[in-house]
Amino acid sequence: MAAPPISRYPVPKLEELSEDIRARMLEVQEKAGFVPNVFVTLAHRPAEFRAFFAYHDALMERDSGLSKAEREMIVVATSGANDCHYCIVAHGAILRIYAKNPFVADQVAANYRKADITPRQKAMLAFALKVSLHSSELVDDDYAVVREHGFSDEDIWDIGAIAAFFALSNRMANLISMRPNDEFFVMGRIPRTK
Amino acid sequence: MAAPPISRYPVPKLEELSEDIRARMLEVQEKAGFVPNVFVTLAHRPAEFRAFFAYHDALMERDSGLSKAEREMIVVATSGANDCHYCIVAHGAILRIYAKNPFVADQVAANYRKADITPRQKAMLAFALKVSLHSSELVDDDYAVVREHGFSDEDIWDIGAIAAFFALSNRMANLISMRPNDEFFVMGRIPRTK
Amino acid sequence: MAAPPISRYPVPKLEELSEDIRARMLEVQEKAGFVPNVFVTLAHRPAEFRAFFAYHDALMERDSGLSKAEREMIVVATSGANDCHYCIVAHGAILRIYAKNPFVADQVAANYRKADITPRQKAMLAFALKVSLHSSELVDDDYAVVREHGFSDEDIWDIGAIAAFFALSNRMANLISMRPNDEFFVMGRIPRTK
Amino acid sequence: MAAPPISRYPVPKLEELSEDIRARMLEVQEKAGFVPNVFVTLAHRPAEFRAFFAYHDALMERDSGLSKAEREMIVVATSGANDCHYCIVAHGAILRIYAKNPFVADQVAANYRKADITPRQKAMLAFALKVSLHSSELVDDDYAVVREHGFSDEDIWDIGAIAAFFALSNRMANLISMRPNDEFFVMGRIPRTK
Amino acid sequence: MAAPPISRYPVPKLEELSEDIRARMLEVQEKAGFVPNVFVTLAHRPAEFRAFFAYHDALMERDSGLSKAEREMIVVATSGANDCHYCIVAHGAILRIYAKNPFVADQVAANYRKADITPRQKAMLAFALKVSLHSSELVDDDYAVVREHGFSDEDIWDIGAIAAFFALSNRMANLISMRPNDEFFVMGRIPRTK
Amino acid sequence: MAAPPISRYPVPKLEELSEDIRARMLEVQEKAGFVPNVFVTLAHRPAEFRAFFAYHDALMERDSGLSKAEREMIVVATSGANDCHYCIVAHGAILRIYAKNPFVADQVAANYRKADITPRQKAMLAFALKVSLHSSELVDDDYAVVREHGFSDEDIWDIGAIAAFFALSNRMANLISMRPNDEFFVMGRIPRTK
């Protein structure tokens, strides 16, 4: 079977792209060795592309009480709950690399309660999943529980906002049938040797 | 009872804001007569504020096969499904104004199936709600149904992307307990007389 | 678009009605200035009409530890959970008037947890929603929680019975596609001035 | 273990009852050989008692295109879906007697799809369960399906209204922990011999 | 109406069966007076038959901290939650006999919270239903609750494993539309007199 | 963090095992290079161990119209729906090997609708998931759909019985917190070179 397309929608050629979008793609290619399909497929709508990655970076690159691995845990856990194939696979790879742990992504995608993570991280994911799945039911007690685990109010915004942003991201990926790059499936699974 | 705060988080004072954010607020104030709380409360995080409104405008201001009223219908219907008080009230007001119809917002928030809208609009909302609530279950037939109602592939992206963006927006509003301005509740309910 | 019918079923003309049913309608018209469609549409079945309003009055007019506004809160919250357009709009209007509050109905219809109501009223609505949505899961602890908020056993019957009666009412309104009168949408939204 | 009480609430003694309520109880006792607990327990609130049974009789005793056994099937199927112990057991007994079939009640309470009933009756129960569980999702197609099975519009009102009335009844029984009389469990299970 | 078949699949004749399977059937017939349809219908696949009953006996016949009646309560409660007509009726009969109680099976099938059973048994069924319906959400606290009611770790395995085995059994019965024998419906309902 | 235990329950030492169970483990070790934890952890209960693997082999090793890869697809898809970490990881590995495809397991675990599989296989998985999640709702049409894709009645039993068996298996793994062996995570991800 030929590999299916990476999107239900047309994907622009590199030469058709605006300069800023092309620059962003080349930057990630340099770093990762390939251009993740989320860049290629969302470039079909340049204005949305720019807002999407500005939002992504505002949350995922900022100084935060959450480590980068913890932020990716939130992405993988909520994407698992939303059955978003692209995000589970792509962010699972990133999580394995940040956490230097070949198992944690598959654990968190399936069931964070049984993952090899700290009680603090489990509380973080329970809060994130409530934002993802039942945000109208959030009450003061939910905030109190994560605060007891040492999260500040700004950390809680980060937890909730990452869950909210990937609520968008999961739906976009499902809408356009975004396909993960083959490279993601094995990334971070085998310890690098020098 | 004193009116509760408009956010669980601090809201910046006008003089603390960056120039671009202040300009945006003044612009909307000019147009609406007041600054909707979504601007004030999200300004707590300037980078996210900019991305949020860039995304919003990319979807809600672009040329599209969907009228502005139709886009607001999607917002109201999906916000109703997510029990997001801020978005139902604020976008309900905007929908009443764009549609020049004092009833349609409350109808669509409760149950689009019984609203005074066209079969084409009902198909649009059924698709939007599937994106909002069960996006992993989207299959070719879902796209075929809306295409039969005359929506182009780009229109379908718009429908789905608006549903996806307000999946984010609803969760942010619920996360910070964003409170709608009093002005929204009555906007568009009473026909203006010249 | 012409206004759609107020019911899937025929509605009797005033002169076709039995005397007692006509009297009831005239009484409400005197008080409200119009006849709510629930009277007109249910009159298609006189025996059910009589039982319906007898039940309604037995619960909503009796002396009770619940104020009339609190009883309407239960109606609006459970009708919101059942997506009943007629009941949200009609009883939302009544709630605004009894509570002398133009905001509380839309708040409670969307999410009582964020409404401007007392903790006691939130406990009342949590109990009512459990009766409405998961009545088989009621256990002693649920009764203990509302008792701690000062509700007597008779008050608890009232809370549960109103939730139960509007479980019927919501389903009837959805069954016959009962349409709310235009008048309800704006009632109680604008403070009366003498 | 002593038999638990038949209600969370006090039950009036026969001599405390109003004449009309006592007469009703004696009438059913004559017919059934005992007074079903629904009469005894709801008599705690006489006005509600009267409305409840007036509503019940309006639906269950009227001339209808549905046989009495079919009406009880609706009660048993929806009460099964609502996990209402009283209604499953009491109306299961009545169904066995009306249908002269010792098996059909347990079948319908568990899963009407596998019950020994006609395709027409299965369509009736599918409609009733939609009213009971998802009434806001009713659309024209649902009415068309039952019409194709020969149900008139008035029959459809009966189907839906019985489902709606027992939505109330199930919640009341769960609210007060109404206990079925021992007699119901075996009624109609063993063919009478003359 | 002729009685429908006891399975969607062919059922082997007694003379076609392997010796061990026939022996098993004759043994149960001796004891019960008839061969329950689960034996006859699953014999269509002899290897699966043998594994099924080996598993059944390993759980239901072993020495355990749970009485035989308690084990059947788990079967009836979880089969009720899975709407498995065969298992509710057949194991309901067995539960009535083991518990020497004509009411408990119908109670537990509808709603264990209101059954005439001990608080310890209610905790057991709450755990069993969590295994049956939401096993991925099991956390340490769930085990702690049942331990406080005096269940050992081995008892907890029994509770969970019986719920797990009947998750299989319910699905097989629903898959093949297994029909309960008429005899089960009345078994254990009427006290035997010597 | 030290690796957590592979089960909430004690696991027997190799020398404590009965001969037949030890033989089974050595056989699988020979073939796979390690003993999967499902063997080690379930050996805590030898009688259940024997029945479990007899059932497993009866379904997974028999001659069938389903290929071995297709049977593992059913396992992975239903285990994904049940959030069973052990089964997703372990059977995902087996699926990759049988299908000689490094991507299909992660695809099917997340969302079979978007996997690189045939329409026939998608129909197979839709049926399997209905057995797994809503078996009481199976109706003739469900069987007709898979038959149209060329599955025989015996194939349909296989599909349903595998879904049913892993309903048990998933619950057992979740009950005892069964941990997948590290080896599974990378198995079948990298094409073997001779």
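Per-chain numbering from 1; labels A, B, C, D, E and F assigned in written order.
The definition used in the following text is that a residue touches a chain if its C-beta (ideal position, glycine included) is under 8 Å from a C-beta of that chain, and two chains touch if they have at least 3 such contacts.
Just so we're clear, the structure is a prediction, and the values are computed from it rather than from any experiment.
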{"item": "Minimum number of chain-to-chain contact steps, chain A to chain C", "value": "1"}
{"item": "Same or different contact residues where chain F meets its copy chain A, judged by the half mark", "value": "same"}
{"item": "Distance-maximising chain from chain F - centres being C-alpha averages", "value": "C"}
{"item": "C-alpha-based rotation, chain E on chain F, 0 to 180 degrees, nearest 5", "value": "180"}
{"item": "Gap in Å, rounded to a whole number, between the CA centres of chain F and chain D", "value": "44"}
{"item": "Inter-chain centre distance, chain D versus chain E - centres from mean C-alpha coordinates, in Å", "value": "28"}
{"item": "Residue numbers of chain C (touch at least two other chains)", "value": "83-84, 110-111, 136, 138, 174"}
{"item": "Those chain pairs that satisfy the touch definition", "value": "A-B, A-C, A-E, A-F, B-C, B-D, B-F, C-D, C-E, D-E, D-F, E-F"}
{"item": "Chain D residues touching chain C - in the complex, by the definition given at the top", "value": "8-9, 44-45, 47-48, 50-52, 54-55, 57-59, 62, 82-84, 131-132, 135-136, 138, 143, 153, 157, 160-161, 163-165, 167-172, 174-176"}
{"item": "Touch list for chain E against partner chain C, complex", "value": "110-111, 113"}
{"item": "Touching residues on chain B, where the partner in the complex is chain F", "value": "136-139"}
{"item": "Chain D - residues contacting chain E, complex", "value": "1, 3-4, 80, 83-85, 88-89, 102-103, 106-107, 109-111, 114, 116, 174, 177, 179, 182, 185-186, 189-190"}
